[in-house]
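Quick one: structure below, then a few questions.
Order of writing sets the chain letters: A, B, C and D. Residues in each chain are counted from 1.
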């Protein structure tokens, strides 16, 4: 047993593992059932934003509600595409580079940001995000400014001896598998971190930074670590997005986009690791289904948000917990009370 | 003519600051008393502008009267919003964020569907331009300057001098304590939201005359309002004056020296540095 | 001297909360720090544990100057503390509260935690053992899986003590450990404090409830941030200055 | 009633509304699907809603005339519109939906430059014929690398040329011009083109004022521009909010000289935003729907728009134009294959537009001759009235 994994009993864990494996296998088989390239595109976008939303939650569980996350995503995207475009580096190298650069900026911004907490942190982070986006506008020679950057190279084809060459330009299926693998990889790391001593320290800081530092948790250090991890994966997601979308505009990473990411996390539920995954899936895919509503389509997005707020206080992921508790209560009530 | 430019810039700073102050005032009020970041302020501001436009241009009644009606209508909308959307979630920061953001989306879409997104402008409230020795101010801006100043003063006096205002102040300091003292917090919250929304309607109507009306007119103003309130310090209404002046000064003078996107960056960097020196804002309480 | 303050001063905007305080604690003893409301007791605690920066003077722990260090570094040196209000991690269970507090011994690196290496698992197992021991020590094993926020007040206070023990402190600073407890709970808490001391932990405590002073080897009385008396409980009780501080009259009994 | 209850009722109402308005999926056997990419919500929707309406009118017009005849077979045109939601991501999603879900091979639409680029990143590799309404002259946006893109009407660069020609004619005393442009990445290209044209005509460029995209109040930038003492002021690509606001501030600050816009923009809207007092000595690339000097086609569209939407806007005409051109191209090529259409159109020397006869050009300016250069209408705002000026013949070599 490891810290953070005490509560559930052994049998449940086994069922959980099978469920996860089944879900992942289902996701791997998905392209067989979906022949619409457009829906595949939507799934790919969902995967990318899932990475970003989960990494945002990593920052969130350390008590830092950042409104700059899309900007860090954009940072990774632009760094990766600029290196790939101008210096002809391979995207396999520039995608991690995009992550690292977002992480470096996250750490540089993070140290001064540890001076502020709670809502003040959110507000200063908002300005940091805006400043990063403004920076993209200043270096428009490389970023293309608001008009956007095009000519970003796609992922290069992979040749594995004995297997047919995987060409990323041929269809969206290789991209889907690439992003599925990337998402599973990133989420595994984030999950592992959250369920370790580090994750517990993050949650401890969020609950009471005073108590946390009284037991020797380095508040500033762990907060910057959370930012570093979160920004790294945001950068990775952004860089992957750049090489998939092959066009970038800085308006995709502004205030409203950061807020959107936050909505994904909050609607999904902050209490569970799966919250942002569910939130992103619902909020990306459902509005796409209702695309035909045209000008009425925003009501769907807004409606989902209100539904969640009114009926699911812990987000969509919290709904399962809610149902479970209600069910348990029901069972308990049915049981005859002990007479003692 | 450097002196002309300088004089005009001073006027620009004052006028822009008064615009910002007017927009941020209602936002600051809600943040102070209810303790919520009402992102929907931007959308309410837009709705206020549209109501004023519909009354003044489509229905064709007196402009100042339509401004007044818009104020009242949006104030009532505020009562509704407070009752249905804010009150159940006041203690839950995360849910209030989602609710107010959802309201933006829904209000924007409502205006887009009903009125359409054609860009409009409310005719000038005060037509004409005031000119003196190379400096000029349009009547609308002057009116905004006066109205903004009067409203700021009125809000401060209201809070300091009236019973309701003092109760607001008490709630802003300690809402649970105030409730224990027998203050009907929900009534105060409702009144505050109504006033905040009415202020947004005034701002929206005047901006509809100075700039233009579109369903998305609030998006950038929202960021400006947040900047001002944070600079001023959460919980300080008087600080909005200084916050607005600083932001107005930055936005009105930087474009003279730096061009294009770099102005944004410079302004933001200055604000970030100010906030890192004083995280609680210039007039905020100690963190 | 084990822990001592030299001319320790803290000003809050011109107002001195602590003024040139000289006090010392020897290894192994239980010292009570008392004084009327607003005398600056909690400020002294916050200064020692690094939550406040002293305006002047020095704090020496085991011969090393620790004044102005960050709280987590001071915790690392072996100074544990509890808070006046029962601060805890409300969303963690009692057991998790204690497990989380094991941050210093043994320490795991980022990569160990990420990959859950065998050494990390070994350390975690060791921590679980230790945490269980602490649970038994303070007698919280019965409420092990209760969330912190659902815990009754008396248990919360005990939990804060248990948590402070997790950093393997050499000295424990207890801020009003029995405030708000029932008589039964007080007796139990005092027995726990005795047990902790018997394990060789020095204790410095602040308390209004004089009942606990029977535990103390020595009492230090401060008022307006300055020491006015020191000695055994009986000695202090006779002190005129103390009478004056507490009751405002010299002839009060 | 509890807030939850009220909210539940509202949700139910919307749900019912959504179900009622669901479009019926009718599939006629012989239809040519044409995609339409417009912003119906979000940034740009203020103009593009009306452009989309214009495109809808053109669809109806073609079908009323009996559709398209290709190799003896009659085709009806079906316009499938997707909302770009005012973002680049939305443009990519909408384009992907059109190409892979609706399987269209021809797309009309995209106006805002960044969405032109974003949609192009999907449409070009899929070899989809793209009829774009506007661009700002960036080489990355439009050039040899975008063989399937056609610019259906005069854009910023043509508008700028026409406007400077007209300036020379109407205000011969003007010696220097200031240029105001959004700092959106297009500055280096447009600035260069403007300087070239202006200096070749003997003008001096007083200053180039760049404004950040987040600008709310234009007073500072106008103060700066006016300090350089220009005799005329030009706006590059902009939108009515910006153009109208700037015109108002320029007049408020006492500038008396001519002011003009280079892009196709709604003069009525600009006048509404600038106010009647400020709307003087201003001219822009636009038609005047009330003028008798309009082409028969414009008059026809005006009638149709008024019948269907109550009021006609210049944007309706603009949105009508692409399908009008496409009809001719398809009939000339006798095919619906995008590559054949592209080759045929590329070889055409002239094409009729709703604005009058158009010539194909742009090889020298953009590197590809896919630009339809049609007569450029100029409308002036004089003393608070919209005044028709004239058609200026403009050609991008």
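Observations on the structure shown:
Criterion: a residue touches a chain if its C-beta (ideal position, glycine included) is under 8 Å from a C-beta of that chain, and two chains touch if they have at least 3 such contacts.
Not measured: the values here are computed from a predicted model.
Note on connectivity: the fewest steps through touching chains from chain B to chain C is 2. If each chain is reduced to the average of its C-alpha atoms, the one that sits nearest the average of all protein C-alpha atoms is A. Between chain A and chain B, the centres computed from C-alpha atoms are 33 Å apart. A straight line joining the Cα centres of chain A and chain D is 37 Å long. Rounded to whole angstrom units, the spacing between the C-alpha centres of chain C and chain D is 72. The multi-chain contact residues of chain B, meaning those touching 2 or more other chains, are 88, 109, 112, 223, 260-261, 264.
Shared interface positions of chain D, defined as residues touching 2 or more other chains, are 3-4, 7, 41, 43, 49, 183, 187, 212-213. Contacts with at least two other chains are made by residues 137, 140, 145, 295-299, 303, 306, 310 of chain A.
Annotation, chain-chain contacts: A-B, A-C, A-D, B-D (touch as defined at the top). On the side of chain B, the complex with chain A involves touching residues 37, 39, 88-89, 92-95, 97-99, 101-103, 105-106, 108-109, 112-113, 219, 223, 226-227, 230, 234, 260-262, 264-265, 268-269, 271-272, 275-276, 279-280, 287.
Those residues of chain D lying in contact with chain A across their complex are 3-4, 7, 11, 14, 17-18, 21-23, 40-41, 43, 49, 81-83, 87-89, 92-93, 96-97, 99-101, 113-114, 117-118, 120-121, 125, 136, 138, 140-141, 182-188, 212-213. On the chain A side of its complex with chain C, the touching residues are 1-4, 6-7, 189, 192-193, 196-198, 200-201, 203-204, 207-208, 210-211, 213-220, 225. Those residues of chain B lying in contact with chain D across their complex are 1, 4-5, 8-9, 12, 15-16, 19, 83-85, 87-88, 109, 112, 116-121, 123-124, 127-129, 131, 136-138, 211-212, 214-216, 220-221, 223-224, 251-256, 259-261, 263-264.
On chain A, the positions that touch chain B within their shared complex are 65, 112, 115-117, 119-120, 123-124, 126-128, 130-131, 134-135, 137-138, 140, 145, 255-256, 259, 262-263, 266-267, 270, 295-299, 301-303, 305-306, 308-310, 313.
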